[in-house]
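Shared between the two complexes below is chain A, which pairs with chain B and chain C, respectively.
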Partner chain A sequence: MILSFDIIILIFLIVAAVIALNVKDLLSSAMIYGIYGFLICLLWAEMGAVDVAFTEATVGAGVSTVLFIATILNTRRRSSD
Partner chain B sequence: MSPKIFASIAVVITGIVLLYGISDFPTFGDPRSPANSGVEGGAPSTSLYYINESYGVTKVPNLVTSVLADYRGYDTMFETVVVLAAGMAIFAILRSTTKDDETVAGPARKSSIDGDHNRIIVGMTCRLAVPVVQIFALYVVAHGHYSPGGGFQGGVMLGASFILIALAGNLDDALGRFSEKSYMALASLGIIIYAGFGVVPQVLGKNFLDFGVLQKILLTDGPEMARSHSMLGVEIGVALTVMSIMFAIFANLSSRGTLKGGL
Partner chain C sequence: MVDFLLNTVKPHFNFWVYVILMMIGLWSLIAKNNLIKKMMGLAIFQTAIILFYVSLGVKDGATIPVLESYGDYAEKAEKAEPAGPEVAPPDATPAPVVVNPADTYANPVPHVLMLTAIVVGVATLGVALALCEMIYKEFDTLEEDELLRKIKALHDDA
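Right after this comes the complex of A and B.
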């Protein structure tokens, strides 16, 4: 467990989460959510849970982002609130 | 504006409660925490049991795989059933078989990666990348005993390779390689393989998913290697189901259930 690495990842994690919530364009929001998933994957790999990190990289950062994009492109793209 | 304020207050309160709960946790990697050392004067540690005993009993160096596929075999089997149920739910909600939108297929046909010279770079890159992804996914499935990975991860990567074809070209390209009939059949076949590895020991007079007795069928020396090989079979079943369902969900979502055209 490397503390400075953890702190950097956690700061980026919070920044990515806040941006993903506040961006108006849903496609950008889905992409930033993918970045969020990949940062969590890095955090888990760094903590030694490599199997969980692998699952997060494939499911969380990979396929779920694609599914979000597929859904967004079939609906209206901009959020109304 | 007021719903956002209420939501913010709820988030802050939840955060405070979670932080208060975390303060009781043992520190990260503490060898004297209950999970690592057991209760003082009481039960011995579970994790120590797995670390010391699981290799001798299953001959699988990756503890995560042996715990997931053998010790917690029921859990993994019904997780796979949940994945299948999710795919069936998406199928039941989205899939439409009406033939009123033939126009969708017309213009989308042009963006196929097969034989369209306007998309030769995208088509060629996809054609080169997909076999590499699939071979690596097969490695992840087959090597899950020794390194991180296993059925879920390898299955998702196999599904993602078909999704890549559908994203680079159109959905008909991917469905030409992996049709609706075959992904439905493979999704069920995966569960049948997993459940079959559970039922066969029952026929031989042991408990459900008790892989050790399979040494007579798999012709291994000792029940340990039978457990190891059965775990590989189980992972293959999981990979088949997850691959098929991932692609089925994408195909139905991206085409609004018509399975034509795509994004």
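Right after this comes the complex of A and C.
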């Protein structure tokens, strides 16, 4: 574990989570959620869990962002909060 | 305050960040009005728990869990440890220290468990978003307050 790398990624994680939940445009919210997923993937690769990092990059960040975008395109893009 | 930061927060700062992430997810589940935002909060909550479990397997100075040489270690261990429980004479030279290769890499058991949790989490997220789409087709909105109002009106009519 590299301490400074760890601290920087954890700070970015909290920032990405708060922004993803507070943006009113749901499409940009989904994209920021994808950024959050790739940050978590970096954190896992840094912790030595490369198998979990691969899975997160494909399934967590990739597929769940696609699912969010598909749902948003079929429903409404604006959110009230 | 400074004492608390140095003795409690600093040694386990990653756990504190995981709890903060978890609470962000819980807050969005309770306070957000949009159903898709709620699902996003659920996913963030889940990743915080997975992060906690994976970080339990981290060791200081350990690498990724890939076994490089197995047979070599087994031979060395056999030579180093004599069979049987006999007590070594006090003036005997100490046996050479054999490093177990398992000590040099991170514990892979939580990784494997959390791999399953990630895949299951994405599957449940897909089901939840499909349910959101069905709700949108039925009520033409994803905002919780509007949904409650429309459901109440439906019950009042019936």
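In the analysis below, the second predicted complex is superposed on the first by the 80 of 81 C-alpha atoms of A that agree within 3 Å, B and C clash if a C-alpha of one lies under 4 Å from a C-alpha of the other, contacts with A are read in each partner's own complex, and residues count from 1 in each chain.
The working rule: contacts are C-beta pairs under 8 Å (C-beta built on N, C-alpha and C of every residue); 3 or more make two chains touch, one makes a residue touch a chain.
On a predicted model such as this, the values are computed, not experimentally measured, just so you know.
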| item | value |
| --- | --- |
| First (chain B), second (chain C), both or neither touched by A:Ala20 | second |
| Residues of chain A touched, compared between chain B and chain C (which is higher) | C |
| Touching partner for A:Met47 - first (chain B), second (chain C), both, neither | both |
| Touching partner for A:Ser4 - first (chain B), second (chain C), both, neither | neither |
| Partner chain in contact with A:Leu73 - chain B first, chain C second, else both or neither | first |
| Touching partner for A:Ser29 - first (chain B), second (chain C), both, neither | second |
| Which of chain B and chain C A:Thr55 touches, first, second, both or neither | both |
| Contacts of A:Val63 with chain B and chain C, given as first, second, both or neither | both |
| Common interface residues of chain A - those touching chain B in one complex and chain C in the other | 1, 47, 50-51, 55, 59, 63, 67, 70-71, 74 |
| Chain A-facing residues of chain B, complex | 28-29, 62, 64-65, 140, 148-150, 152-153, 156-157, 159-160, 163, 167, 246, 249-250, 253-254, 256, 263 |
| Footprint of chain B on chain A - complex, ascending | 1, 47, 50-51, 53-55, 58-59, 62-63, 66-67, 69-71, 73-74 |
| List of chain A residues in touch with chain C within their complex | 1, 6-7, 10, 13-14, 17-18, 20-21, 26, 29-30, 33, 36-37, 40, 43-44, 47-52, 55-56, 59-60, 63-64, 67-68, 70-72, 74-76, 79-81 |
| Contacting residues of chain C [partner chain A, same complex] | 13-14, 17, 20-21, 24-25, 28, 32-34, 36-37, 39-41, 43-44, 47, 50-51, 54-55, 57-58, 60, 62-65, 105-106, 108, 111-112, 114-115, 118-119, 121-122, 125-126, 129-130, 132-133, 136, 141-143 |
